[in-house]
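Here chain A shows up in two complexes: once beside chain B, once beside chain C.
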Partner chain A sequence: MDTLISTLLSGVVLGALYALMASGLSLVWTTLGVFNFAHGALMTIGAFVAWTVSEAVGLGLPAGVVAGVASAALLGVVVEYLLIRPFYGRPNMLLITVMTTLAGMIILEKGAQMIWGARLKQLPRLIDGEVSIFGAVISAHEALIIVVAPLILLALWQFTTRTYLGRSLRAVGQNQDAAALLGINVSFTFALAFGLGAALAGLTGVLLGGIRFITPSLGAEPLVKAMIVVIFGGLGSLGATVGAAFVIGLAEAFLVLTLGLYWTPFALFLGLIAVLIFRPNGLFGRV
Partner chain B sequence: MSRFLEVEGMTAGYGAVTVLRNISLYVDHGENVGLFGPNGHGKTTLLRTLSGLMRAAMGKVRFDGQDISRARPWEIVGLGMVQAQQGNTLFGEMEIAETLELAAFNRRAREKAAANLDRIYTLFPRLAERKRQKAKTLSGGERQMLSIGAALMCAPRLLLLDEPTLGLSPRLKEELAEALRAISQDVPLVVVEQDVELLLALSNRLYLIEHGEVQREIGKDNAPDHQEIMDMYFGEHA
Partner chain C sequence: MTRASLLFGGLLVLAVIPLFVQDSYTRHLFILAFIYAVIASNWDLSLGYAGLFNFGHLVFFATGVYTVAIAAKTLGISPWLAIPMSGVTAAIAGLIVSAPVARLKGIYVVLVTFAFGQLVLQLILSQSHLTGGAEGMVRIPYLQIGDYKFISDFKLGYYYVALGLLIVSTLYLLWVTNSTFGKSLLAVRDNEDYARARGIWITRQRVLVLTLSAIFPGVAGGFFAAYLRVASPEVLSFGTLSLALSMVLIGGAGTIIGPIIAAFLLIFATEAMAGIRGMEDARFLIVAIGMILVLRFAPGGLAQLVRAPRKKP
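After this line comes the complex of A and B, so read on.
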């Protein structure tokens, strides 16, 4: 019973992290139609900057969190400006940006290695202590992730459905010309989507940095998971992405329990392929 | 006093294909202007270039005394020149009410958003009935109304309409013409239309656009009769 609950909990923690990560990826995809392969590297940079500000400089964790998220957001805007913007309107933009963002990922990862080195770093936990839920014990840091992630995603959802700026993101994603003719600054919207997506990646990095060791390739695995989540859920809708994130998180936790760490990625990809065969638009996508 | 809108020697096109050749026209304060001519002769391209979606290769556009030849679409909307595109679905996944609220995006429009929204729902009661419906589920006529409604939410000082009655049933067309007359009471219009009678009823002057050029300017005093209009569309011997 305890194993079941603790597996369930670790699945929810994973789901919450994947949801944060994947919703940033999904936001960029729905607004610009670009799949950002540098998303994981932006997350890594966020974690490293948070570590530098909080641990190396010693300004404390709150300052580190803010700096980590802000630097990821800023870098996201730079990535958009340098690697995406020159190619808008090209008929093969999707393919070009696959290459440019892959290049961006490599540059950022290698850059992180040059700046911070390959030695493992770790952020302190956001809160100390442990929480007991139905007899299973998780760290308070993980419990915080379970609470914070849905709140952030709720705020993001409110932003995209209730505010002028948030709605303009969705409008630009659906019809760029029409959005421009209503007075929406399309270029700014692109930068905003990228910045917000990167901020979410940075936040994921900061949260993950308290659980795992921070290395230059910290973001590689979450990027793959986020891609599975976004495709699995059906490209384009925030709700579908979040739903899929928790499905994948829980599936992963139980697969690790039953099949072990080694076969879990294999099983996840098999599941993804199966879903795409029977529901080509994703699990929650419209057919 | 300068003209409200003035186009001077505009040449524009797509890549190597020139669509508009040396177009010059103007709209004075307080007048409505119609553009007509055969399909595929550059009317839509002209509106797209005026709105900044395309950049003219040559020529100048001045709106309310300001040079907007190189301005971006959202800057032009900010200045008050707004276009409702033809047969536009706008944002398929957005509800009518949400689309209209979003359309009051520029600063000038936000102050007037509530009043403009009321006015649009009075002009187009169908939109008020379908507030919570997504744009992709609307009929052609309703999409047209939404497109015009959204443009009105931008608080236009000059409204460009691209074939507002295209593909509508005669009854709907009459309904829309009625609404356009009401709109033209307080916003000057530049209307692209195939229906010259509707244009003549709505506007002070007409431009015939053919082969990407202004072929003829028509005022109240030299209004053509039906046969002449048919000739302009189909050639003298039709």
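After this line comes the complex of A and C, so read on.
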């Protein structure tokens, strides 16, 4: 019973992290039609900046979190300006931006390695202590992730459905020309979507930095997992992405329990390819 | 005919280079360039000609590497037999990846082929009793005829085997791209609906192109394993992927010859930069910036700059 509950809990923690990560990818995809390979690297930068501000400079963790998220968001806007904007309107923009963001990922990752070095770093946990849930014990930091992630996703959902700016994101995603005719500033909306997505990546990085060591390749594995999530859920709606994130997180936790650490990624990818053979637009995706 | 004369001239130069270049390090760089040229130019077949974004292209190379590693070291098969075998296993890998890809479109092709690469990487890491896991395999049997080791005389044997491989691979690519099949690939790339209406079976084409573009990278991988005597999961890293991709893009997708030239330029440029202090990490960063600049200002790559600009792109 205890193993069952602790597996469930670790699955939910993973799911929450994947949801934060993948919702940023999904937001950029639905608005711009761009798949951002640099998403994981933005996450790494967020974690490194948070570490620098809070540990190396010594301004404390709250300042570090703010700086990490803000720097990721700012960098996201820069990535959009330099790597995406010049290619708008090219007939094969989708595939060109895959390559430019892949190059962006290499630049950010190698840049991080040159600035911060390859030595392992770790952020302190946001809150100390442990929490016991139904007899299974997890750290308070992980409990915080379980609580914070749904709140942020809820706020994001409210933002995209209730506010003018948020609605303009969706309007641009559906029809750029019509949105422009309605007086929406399309290029501002693109920058906003990229900045928001990157901020979510930065936040994931800060949260992950309290669990894992921060290295220049911190973002690579979560990026791959977020890709699994968006393929599985189908790129498109926030709800499907978040749902898929928790499905993948729980599946991963239970696969680790039953198949072991080595076979789990293999089983996940195999399942993913199987899903795509039968449902080319994702499990929850609409055709 | 300029392309043929360029090819022939380049070939002649490469064939006589060992007469002038005697040190084994420079020859090593040439061998690496030959191998990467095979990878990049075959990638151009699926990416440039068929417009199919196969981000799992290096899986074919890795399949070749591990085929020779396992066949020659674990099973004791002669590397001379194991290297052609790696072409067969890589073609099978191409056939496998084409199964999910044949029906997908746009970004999903990128995501699935990328996931396929990760799948194979995880398989290599998890099957450590077969593949050596993260540490890889060492001391793979090398190439020799009788008592003559190919590494002797400053890698002279390896140089000519690698050059021969590049020549055969390039002739093969020119044959494929100039055939009716190659022309039908262009038709599908440029106007899929029209091509379909003219009776081109697109699913069959995708399966074929992925299989055909897998063979020579597989053989090159097999040769790579016998040459370096190491097989490591590093071949499936982001770094290797972006290096090979930048060769295709900087050289010019859809030209075959462009990626080959870019392979030489990039191998020698990155190695030259590795020699400068503090540039070890920066070189991949510079290659990535170069890739973006080419996409931005010369979408046709170097091949476009050399050729006279056409009226209509």
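For this structure, a couple of remarks:
Methods note: the second predicted complex is superposed on the first by the 286 of 287 C-alpha atoms of A that agree within 3 Å, B and C clash if a C-alpha of one lies under 4 Å from a C-alpha of the other, contacts with A are read in each partner's own complex, and residues count from 1 in each chain.
Everything that follows uses one rule, which is that contacts are C-beta pairs under 8 Å (C-beta built on N, C-alpha and C of every residue); 3 or more make two chains touch, one makes a residue touch a chain.
Since this is a predicted model, take the numbers as computed values, not measurements.
A count of residues in chain A touched by chain B and by chain C gives the higher number to C. In the superposition on chain A, A:Trp263 contacts chain C only, with no contact to chain B. Once chain A of one complex is fitted onto chain A of the other, the partner contacts of A:Gly111 are limited to chain C, with no touch recorded for chain B.
Look at A:Pro280: by the touch rule set out above, it reaches chain C but stays clear of chain B. With both structures placed on the common chain, the touch criterion links A:Leu94 to chain C but leaves chain B unconnected.
In the superposed pair of complexes, A:Arg167 makes contact with chain B only, with no contact to chain C. Of the two partner chains placed by the overlay, only chain B lies in contact with A:Asn185; chain C stays clear of it. With both structures placed on the common chain, the touch criterion links A:Leu151 to neither chain B nor chain C.
Within chain A, no residue touches chain B in one complex and chain C in the other. Residue ranges on chain C touching chain A, taken from their complex, read 51, 53, 99-100, 103-108, 110-112, 114-116, 118-119, 122-123, 125-126, 238-239, 242, 245-246, 249, 281-282, 284-285, 287-289, 291-292, 295-296, 299.
On the side of chain A, the complex with chain C involves touching residues 29, 35, 82-83, 86-87, 90, 92, 94-96, 98-100, 102-107, 109-111, 113-114, 220, 224, 227-228, 230-231, 235, 262-263, 265-266, 269-270, 272-273, 276-277, 280-281.
Partner chain B is touched in their complex by these residues of chain A: 161, 164, 167-168, 170-171, 174-175, 177-186. Chain contact summary for the complex, chain B toward chain A: residues 51-53, 72-74, 77-78, 82-85, 88-94, 98-99, 101-103, 105-106, 109-110, 150-151, 153-154.
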